[in-house]
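Two complexes, one shared chain (subunit A), two partners (subunit B, subunit C).
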Partner chain A sequence: MSKFNRNKALENLTGYLFISPWLFIFFTFILFSLGYALYLSFTRYNLLSPAQWWGLEGYKRVLTDSLFLDKALPNTFKYVLIVVPLQTVISLVLAFAMDQKLRLRRLFRTVFYLPSVTSSVVISLIFVWLFAAQGIFNQLLGLTVNWLNNVKTAFYIIMGMNIFTTSGTLMLIFLSGLQDIPESVYEAARIDGADSLQIFWYITIPMLRPIIFFVVTVGMIGCFQVFDQIYVMTSGGPLDSTTTITYLIYKWAFRDTTVKMGQASALAVILTLIILVVTLIQRRLIEGSGVSNQ
Partner chain B sequence: MATASQLLPENTFRNRFLLAWERIKTPVFYFLLFFWAILCLAPLYFTLVFSLKPVANAYTPPIWFPIPFTLDNFRTVLQSFDLFPRWILNSMIISLSVTLLRVLFCSMAGYAFARIEFRGKKFLFNALLISMMMPGIVTLIPKFLVIGPGFIKGGLHIGSLVLPTGFNLIDKLGGVVLPSFVDAFGVFMMTQYYKSFPKELEEAAIIDGTNRWGIFFRIVLPISQTQLLTLGLLTFQGEWNNFMLPLLILRSPQNFTLPIGLQWFRGEYYTLYSTVLAGSLFNTLPILILFFLFQRYFIQSIATTGSKEG
Partner chain C sequence: MKSLFKLTSFLFVAALLLTACGGATPTPATPPTPQTIIQTQVQTQVVEVPRQQVTVRLSGWASSPSETALLESLLYKFSVENPDILVKYEPITGDYRQAMLTAIAAGTEPDVFYVDIAYFQEFAKNGVLLSLDDLMASTGTTKDMFIPSLMNAFTYDGKVYGIPKDFNTLGLFYNKGLFDAAGLAYPTDAWTWTDLQNAATALTNLSDANKPVYGFCDPADAGRFPVFVLQNGGTIMNADFSDTTLDSEQAIGAAQFYTDFRKNKIGAIPADVGEGWQGTVFGKGQCAMVYEGGWLIPYLTSSFPGVQYGVSRLPAGPGGKGNMIFTVSWSISKNTKVADAAWKVVEFLTNEASQTTVLESGFALPTRVSLQTSDYLKNNANSAAIFNGAYDNAVPFFWGPAGSDVNDQMGKALERIYLENQPVADSMAQAAAEIRKAIAQLK
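Here is the complex of A and B:
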């Protein structure tokens, strides 16, 4: 009995020792940081003097800030609403084309993944140059537009670039999902007289639903937090036309001359709530639509 | 007559469309694939051409070929700006240490979650899953404070004792390594892997009286090489390309990583864009080489992320 207990205690201890590095990170950088972010969001904190309790003032200031209301908030939603559907559809179409057992598909797979291996900074620096006034894009089309300095075009260039870089990865996820659908399901449908349109709509899409949910969720969480490309390509400009919520958090906490850590934390909490709500709505929509699967 | 027309498909718009689609679908798919492939290659190709032309000829045609040809931009990167080699070295140090530590710690934690029975395991594993869904931006500011100055300025005073509340690692490479040396996704990936791992080998060792550490380091770790390599490659790629955290932590140019350095260099020497892009290729090249060497593992790791969580 006592030996059994000792073994059990040893097993407990060993388990905790094995996970201790992760536990350390989890407690400091996830659990504590999450709680501390919440606390900070109710304070006024400029790094120089200790954080001061501020109640809901930080939230009030965020929700009445014109940069947030007129630029960051609408820009972020615009970004998500354009980029997520386009990258999902494009990668699904590419995966569908790749699944046709065409020739050269290995080569295509490699090439499509290339933009995803390149770092966000490098691809941004390349696009800054491609779309400069004297850049390749203008040279090819004989134009002289300064794409990234133009309020009307800058944000769309960033969107296009990000659709272009993520589609390769998403395509691979869809492709493995398509290849997981057993051939027998298609055969059964064909014997029942289904045509290719029906097979696509009533078999392929419902079978892919969990993967579509995954791709849309991950895509959304990523898009809501877009930062690197905006920092490198436009720094939120011109005239704040590319300022997103994440960029604004960075600006308030680290870039502005008056550091506003508390207010930035309040905005980070608000962004997290937005992501949570949108993810839940999205889950309802995808799970509740059409023929149910699983 | 009547029976024959019943067997033939109806001449509806839908059927005509389907018939036409069967005929054109292969060319349509090929067109799509080639079109996207060109789109993927074009930026990298133009970058290569541009960086192989002298600065003076940067904006003169031809844009399709590096005429006149020169390697000067690459030479400048390695010789004239002593910061460039420094950035490459810094990036190497950070990426390699994060990769090695993460592969070790994630497989240890993954093994424990899959095999060892300890109190609170289910609860902690659920916490791990939830933490994977949490947007990183919400913890950014506290993370910065913990790595750097601490959340209480001047430390925590307990009587005469002053405890620091931060690691004081601002502008140090260790500050970038610290929060990244293990991550939830890696632990999750290794847990799933070890759950599908045959138990027989370990059971024999348990009967022989080998303890958990011996089993893990002498039996489990050596046979999971493939999975470790997959996690290692993913981690290296992520750290090598990482931008936001190094941007906040590393302050003086000699401590920059390559991505931060490139961004900074571009601001300082805007007219030398050929050099900026040549430097960019130095950032891209190691990843491309790794990608071509281990393509199978990269693709496998991406492909499984969807099916495991979906």
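Here is the complex of A and C:
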């Protein structure tokens, strides 16, 4: 008995030792940082002198700030609501096409995936030039719209770019899901006389549900946190039309002279809560449809 | 057998971890920031045992390769004269203020660094900087060796916290080729707003849709617009920065005049011609006149060497002359352990010889009183125009503790007029209201 216990303890210890490098990184750079940000959200802090306890004042200021309420919050939701469905549908269609026995299939897969492995800053700069006043896009269409300096268009250009870059990765995930669906299910459907559209709706889509849940969740979290493209392309302008929550956090934390680190941390906590709630609702919806329990 | 395997694997992992951690001294867990460390040490020829070296870390932003090269050449000279001090130059690319703020919060800031006038007070107030009065006395450096308005800008509560390293004002850069083509006389120091407007009209040529030429660039930029308010007899803030005056008649009039250039299609913002900065637009010959500082001179030399241009003092408005002073100090961290060596570096970088080098590059202007009569300024009309801008009722580019909000709101006020056709008075009133909100939140 005692020998068994000793073995068990040794085994546990070995396990912990194996994961200890990861644990170290997790505790130092993730858990500690999260906790510290939570602490900072209750303080008045400017990075230069020690933080002072501020209670809920930071949260109060965030929730009454017009830049947050009128621009960042609606912009972020608009971004999520437009980008997530579009990138999911486009990548699903792409994956479906790539799953067929097309000629040059491998070439297409690589081409579609390429934007995803390119640095987002590089793609952002390419888009800045494409959509400049004298850029290629305007030249081709004979237009003179200043896309990125127009309150009505700038945000949509960024959305389009994000869809362009992420669709490749999502396509790859869908593709692996598609190839996991056993051939026998398709055969059975075909024997029952289903046409290809029916097979797509009643076989492929339901079999892909868990993958769709994954893609939508990951896509949504990514969209709630969109930052680098906006930082490079528009810095939140023109007239805050591309300011999102993450950009506002950055602006408050590092750009304003009246450094609002506490307020920025409060907003970061609020963003975390928003993402948590939205993901929970989404999970409830999918669980309600009785699929994700498997 | 199985337990033996477990035991060996336990020992194996333990050994791995021990070797991984062994010998490492506990260091603070700060993520490493990428930085170029350029050591400017020079091997002396003396065969003695090397003397004990003191290391001074020094940082500034790297706005352009020419600025970096300039500083490196000065530091090289310093290392020759002071072999016992090793200066580690760590230029910061990207967002300088953000990098400094995080370094200060983590206690890893360099010993000597740039402090822009825009946030100098914030740093001084929070006790980040070392008071320099005693160090100055130790080398016989006095405040009156520097231009008073610049020295005062880096004085807080009666103590000096930075030595102005150089300064700039705005000058009217004009493209001589475009002026010649239009048959216009070059701008003079006696120009007024009317002359500026007339010239802009005459110089504008939109016949080539792919390469339109505008008379003047009027960007939605808080670094250019305020001079028009000053020239219209107005101010940006009241004297103690407790309120803004951007909704005053003078400020609104200035905004009207400024934005009319673009409205009447004799002016443009850089984005109209697909650029981010009007300096590039000027270099490409698509803006005949821009208001810029001395930093444009080395940029044009390196990027657009063919452009023939001149610089004159800013035209006067209905309220007379007006200009802004942009300046940066060399300051020393309060946490430095090598204050004396750090001061030696600062002293060297701001002495007459170093400032002459900076001046002759055209990049920025000297802060030493003794250099105001330098031959270079006498013989170089372009730099002289920018130097003399300091005497055109120039105010420092600093709008109080809510300064970034003030700049933000000025830019947005102009953008609203440009992009949403908002009436000028409304837009300025909205900006003023937002600034007042920001000031109230400082408490």
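In the analysis below, the second predicted complex is superposed on the first by the 269 of 294 C-alpha atoms of A that agree within 3 Å, B and C clash if a C-alpha of one lies under 4 Å from a C-alpha of the other, contacts with A are read in each partner's own complex, and residues count from 1 in each chain.
We adopt the following convention: contacts are C-beta pairs under 8 Å (C-beta built on N, C-alpha and C of every residue); 3 or more make two chains touch, one makes a residue touch a chain.
All values derive from a computational prediction rather than experimental measurement.
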### Query
For A:119, is the partner it touches subunit B (first), subunit C (second), both, or none of the two (neither)?
first
### Task
Examine A:73 and indicate which partner it touches, taking first as subunit B and second as subunit C; both and neither are also allowed.
neither
### Task
Figure out whether A:47 sits in contact with subunit B (first) or subunit C (second), or with both, or with neither.
both
### Task
Examine A:223 and indicate which partner it touches, taking first as subunit B and second as subunit C; both and neither are also allowed.
neither
### Task
State whether A:269 touches subunit B only (first), subunit C only (second), both chains, or neither.
first
### Query
Just subunit B (first), just subunit C (second), both, or neither: which does A:149 touch?
second
### Query
With both structures placed on chain A, which of the two partners, subunit B or subunit C, ends up touching more residues of subunit A?
B
### Query
Taking the superposition as given, does A:26 touch the first partner, subunit B, the second, subunit C, both, or neither?
first
### Message
For A:163 in the superposed arrangement: first (subunit B), second (subunit C), both or neither?
### Response
neither
### Task
Answer with first, second, both or neither: which of subunit B and subunit C does A:258 touch in the superposed model?
second
#### Entry: Where subunit A meets both subunit C and subunit B, residue numbers
11, 14, 18, 21, 28-29, 47-49, 129, 134, 254
### Task
Spell out the part of subunit C that touches subunit A in their complex, as residue ranges.
3, 6-7, 9-10, 13-14, 17, 20, 29, 31, 95, 97-98, 101-102, 104-105, 118-119, 122-123, 126-128, 209-210, 269, 271-274, 401-405, 408, 412, 415-416, 419-420, 438, 441-442
### Task
Provide the residue numbers of subunit A that touch subunit C in the complex, in ascending order.
7, 10-11, 13-14, 17-18, 20-21, 28-29, 46-49, 61, 129, 132-135, 144, 146, 148-151, 237-240, 254-259
## Note on the structure
In their shared complex, subunit B is touched by residues of subunit A numbered 11-12, 14-16, 18-19, 21-23, 25-26, 28-30, 32-34, 36-37, 40, 47-50, 93-94, 96-98, 100, 102, 104-105, 107-115, 117-123, 125-130, 134, 136, 139-140, 164, 167-169, 172-177, 180, 195-197, 210-211, 213-215, 221, 224-225, 227-228, 231-232, 246, 249, 253-254, 261, 264-265, 268-269, 271-272, 275
### Summary
Interface with subunit A, subunit B side, in the complex: residues 14-15, 17-18, 21-22, 25-26, 29-30, 32-33, 36-37, 39-41, 43-44, 46-47, 50, 59, 61, 63, 101, 105-106, 108-109, 111-113, 116-119, 121, 124, 127-128, 131, 133-146, 149, 151-153, 179, 181-184, 187, 211-213, 216, 237, 240-241, 243-244, 247-248, 259-260, 262-263, 266, 273, 276-277, 280, 283-284, 287-288, 291-292, 295, 298-299, 302-307, 309-310
